[in-house]
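A short write-up of the structure that comes next.
Should a chain be cited, it is by its letter among A, B, C and D, assigned in written order, with residues numbered from 1 in that chain.
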Amino acid sequence: MAMVCLSDFEAYAKKYLPKIAWDFFAAGADDCSTRDENILAYKRIRFRPRMLRDVSMMDIRTKLLGTEISFPVGIAPTGFHQLAWPDGEKSTARVAKAMNTCYIVSTYSTCTLEEISAAAPGGLRWFQLYIHRNRAVSQQLVQRAEALGFQGLVLTADLPYTGKRRDDVRNGFRLPPHMKLKNLEGAFEVCKMSPLDPSVTWNDIYWLRSLTHLPIIIKGILTKEDAELAVRHGVQGIIVSNHGGRQLDGGPATIDALVEVAEAVQGRVEVYLDGGIRKGSDVLKALALGAKCVFIGRPALWGLAYKGEEGLQDVLRILQDEFRLSMALAGCASVSEIGRHLVQFSKL
Amino acid sequence: MAMVCLSDFEAYAKKYLPKIAWDFFAAGADDCSTRDENILAYKRIRFRPRMLRDVSMMDIRTKLLGTEISFPVGIAPTGFHQLAWPDGEKSTARVAKAMNTCYIVSTYSTCTLEEISAAAPGGLRWFQLYIHRNRAVSQQLVQRAEALGFQGLVLTADLPYTGKRRDDVRNGFRLPPHMKLKNLEGAFEVCKMSPLDPSVTWNDIYWLRSLTHLPIIIKGILTKEDAELAVRHGVQGIIVSNHGGRQLDGGPATIDALVEVAEAVQGRVEVYLDGGIRKGSDVLKALALGAKCVFIGRPALWGLAYKGEEGLQDVLRILQDEFRLSMALAGCASVSEIGRHLVQFSKL
Amino acid sequence: MAMVCLSDFEAYAKKYLPKIAWDFFAAGADDCSTRDENILAYKRIRFRPRMLRDVSMMDIRTKLLGTEISFPVGIAPTGFHQLAWPDGEKSTARVAKAMNTCYIVSTYSTCTLEEISAAAPGGLRWFQLYIHRNRAVSQQLVQRAEALGFQGLVLTADLPYTGKRRDDVRNGFRLPPHMKLKNLEGAFEVCKMSPLDPSVTWNDIYWLRSLTHLPIIIKGILTKEDAELAVRHGVQGIIVSNHGGRQLDGGPATIDALVEVAEAVQGRVEVYLDGGIRKGSDVLKALALGAKCVFIGRPALWGLAYKGEEGLQDVLRILQDEFRLSMALAGCASVSEIGRHLVQFSKL
Amino acid sequence: MAMVCLSDFEAYAKKYLPKIAWDFFAAGADDCSTRDENILAYKRIRFRPRMLRDVSMMDIRTKLLGTEISFPVGIAPTGFHQLAWPDGEKSTARVAKAMNTCYIVSTYSTCTLEEISAAAPGGLRWFQLYIHRNRAVSQQLVQRAEALGFQGLVLTADLPYTGKRRDDVRNGFRLPPHMKLKNLEGAFEVCKMSPLDPSVTWNDIYWLRSLTHLPIIIKGILTKEDAELAVRHGVQGIIVSNHGGRQLDGGPATIDALVEVAEAVQGRVEVYLDGGIRKGSDVLKALALGAKCVFIGRPALWGLAYKGEEGLQDVLRILQDEFRLSMALAGCASVSEIGRHLVQFSKL
């Protein structure tokens, strides 16, 4: 089976992963409308490609908070990589480093932050955080991450409670006994979300700021109002995200929400996006609408499920090649030439 | 079979109810466009969820005309509950009381008002009324209901004649011989609608007012013009309803009609909605667009068909849990925080 | 099989008519987009039904150019009724008279105008005309019709050439040898359309006017520009029609074109519609948007195919009952209460 | 099998061509959205047909840069005609001449320009050019074409790199060993696109102008900005094209892009279109929206695949007949009567 595009990896993963693991990765909340909208929304955006521009020298590099990456696609925080591949997040870290891009490590990883760091020393990594009722747990995680050289702190804002993912309920999803939420061992029982604190508010950004010098990126923003609050509370970045459609069903596609967030932010902080990226041209659309970089969630897991590090690298390479080609065919030789003029919303 | 969401109860009921009963409950008029639109219309409404708001203490209670209920979902008037469960409306009444919510008892119930009241003393109940050609029949019903402690009178306005439900015509639907329209025994022959008076007009509200001290709620309003008339004729509440799509096919989805009704009413009376509620997030959308409470019709019957009182309670609990979770994920800790700002209409 | 709605007759006809006849009746031009749009367009129109209006006495009669008919549905001109039922147009004429409505007899009928008149003396009939290269043929037809008591002359304007109906080409459609275009015998060879004159212009209305005292109704108008020209050339009525989608594929649904035609005409002449009427509520929508009456084409043929006169009468009765019920449920007790306020166009 | 419309030829070709050849001709980039949009977009355009205009004498001729052709449909440049029919482009040239229309010969033809010219002396032909890194190759091709009597030079602007056509990657598409890119023999290895120069810019139009007296037509323009640049750089014609959806996936349908290009150009140069033409009425829509002529790509190949010259002639004759009929049914007797007033965009 030739792996030509990301859907090929999806088909493979669906076929070969244990059903309970596939269902967990694929799950959306309720009717999965938002999960599916994340993808459908790209189809309503049309390019306005420009011709006869010199695209012989393509430069697809960009910077994340000042650090150069090889192209504007990073790896979003998703949990439980060992469900997809035995080496879990260690493999993910190695590939991200090899591809010179950013990997956002989930709190719910099945390897420790120390193992992940040791697997790929010097790689660009951010740490994704949930705030726990027991604030000491969160504080310790933040400080471990900073000490290990993580370069950013990503606060997930859209999970005061876990969304209702019907298949996980039906399957009675829980981690197999040989896997652990290793970063949280001792802190609470595996796969029970209630330790997360639903009383977190914007003021807790100040508390986080007091714990660390790392830049703070807030993940899960979908409105201009919250984007404005994020800027005012001093974050360095915003990830427009709906948690892959796994939290509130019925919210907007991230590519649609990006438009209003980017307009509100007006470049005061960097804006990123995750959700629905399946092709290089999706990346180009997101950049045209104001994202500095996008992050992939499920496709990275499909790559791991296919062939571990090699599979994930294939996924990233395909996206990289497709992105470079889409840019060239749209008439852009470097990321700086991408802008709002490049797209229009279809009347459909 | 795990009952995770309301569709699970629908699938069960479709499989296990006698076809003639399933068809009767499921029926819509003509092509069933309006019945189906009731559901589809929710998919065109997008949340604008807000993040980092303290949702640790959730308060989902609301009030119906001053009486507190546990959450803003009541039971709409539907006929013939014994078709779904032997104890019929007595079971429905018990569950509504146990869940502390409002049950609108249909004129076409298969238990008497007295049996229903005795089954769940002290429960919050409204009585749904059709006006008969023989006004004495209606007068007697209203006065029986008031005497039995019903707390509201719901006048159905959209049934001067019965809609054309093709499957009922094909099936030659009628009640099995052991079931009766018990509240009307002696008044007219079972399942023959012609006794209803198609000459009823707004002035008959004054006549109803003269019969009872109960608040009058009018059910079946779909336009701002009629909403204005309802307010002017002194009703206490309006239920935006298209009779589950069983009357005029081609009318608007109730969630769409709600917008114009709520705008016209401007809070002068309470506005409710029935039709198409299948998930907690649907309830949230309806409240955001101006409903004080919603009522479920078919899902209550599916719950009864599944396991009687236990099944109906499952249905209400699922809606309650989903509604609470949707509120929290949208950033609302109490019903009073829900408002128009929470939703937008999709361009699709 | 219970015949409950018009689709039941369609299914019957599709199953029992010879394929070549079914295909001929069902045919649309090219991709059949316009044929299908005729039906789909009704689904985008939403009622704004009004409640609590006295609908105990329903009056569904209307007038066509001053002549009362029992309800605003007539029979459109379609050819070759003997393909559907042995007695052909004689049966159609008898039913139209029995139902007290108008039958527009096609030039391409398989019975003579004389036979048709004799079959149902005194029935309200209009004669549909194509203008032939040999004007004497058309003149003779007009004068025969007038002499036989036809009360209107319907000039078809949208067939300078016959549309491309793929199935008819594939089937090599032609009439069976025992059927004839009896009104044209001797005038030209059966089923060869070239005798029609593609040079007809608006001035030929004056020529027709010189031949007859009958009111002239023009059929096939789809734009406000042509509606204006029709009024200026002195016609008495306009039928908004796209020939059932059998001529130019890609034109508008007739219910959509009706809006602009009715607005342009402003009541100066009567406006009718054919195309896509399948339910009583479709009739109500057409009247709300400005039609004085609608005409059914294919459904009449399905009725004939089912049981001849009895079948056609069933079709008309069903439409009549559905129309009356839709009116009542929308809050209109007489045709004069129907108006533009009753409908809105769906955002979808 | 009766060949009634172009889809019949498509079905034939899909069935009888080798899969690898069918896939190559059918291929679109990525998800094939743009390829499919090219066709779907026509369905959203509605005619506003006019009635009772004298259409007895139909004149469907037009002129391409001053040269009369029999109707406004030419043959777009597509490669590798021998994959469809042994005689390849020689057959195509013969049919174009017989039908008195224009054939744009692709650089990637499997016959030499000399063979093609000799096959149909005196036929109207334009030559399609890619600019190679080795400019001498391009210069020689242009000058050969001019010397052979080609009357126009079509510069393809949308292929700095080849689009990602998944099926071609999966199939490992390459020409069979007995076929050659004959015009490029010696210039570079068969089917390796890298010799094309991705650094081409608008200034290269001046270079081309210095090489030849032929009119220059630029192919691949999709925006008003590039249309303006094309006019300013002195081209004689613009082909609105997205390369059949084979280059940048996610761009607009050509019929949609035509509107903005034609508005920007305001008649200063001729505007043409390719992409999605499947029926005579599509041609009419394109002309109504500003195209002087359209070109067909895949349908020509289907015709060749069916029966070589006879098949291609069938395809063109069908389009010609359908176009003439559509014009007549829309009320236009000559191409000069076609205009923007003839169409509107559907709300859908």
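As a working rule, a residue touches a chain if its C-beta (ideal position, glycine included) is under 8 Å from a C-beta of that chain, and two chains touch if they have at least 3 such contacts.
What you see is a predicted model; the values in this text were computed from it and never measured.
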Both-way neighbours, i.e. chains that touch chain D and touch chain A: none
Homomeric contact chain C-chain D: same or different residue positions, threshold half: different
Farthest-lying chain, centroid of Cα atoms versus that of chain D: B
Distance from chain D to chain B - Cα centre to Cα centre, in angstrom: 60
Chain centre separation in whole Å, for chain B relative to chain A (CA means): 42
Where chain D touches two or more other chains at once, by residue number: none
Chains grouped in pairs wherever the two touch, ordered by label: A-B, A-D, B-C, C-D
Residue ranges of chain A in contact with chain D within the complex: 2, 4-5, 42-43, 45-56, 279, 281, 285, 321-322, 325-326, 328-330, 344, 347-348
Chain A partner contacts - residues on chain D that touch it in the complex: 30-31, 33, 44, 157-158, 160-161, 163-164, 166, 169-170, 197-202, 204-205, 218, 220-223, 225-226, 229, 247-252, 345
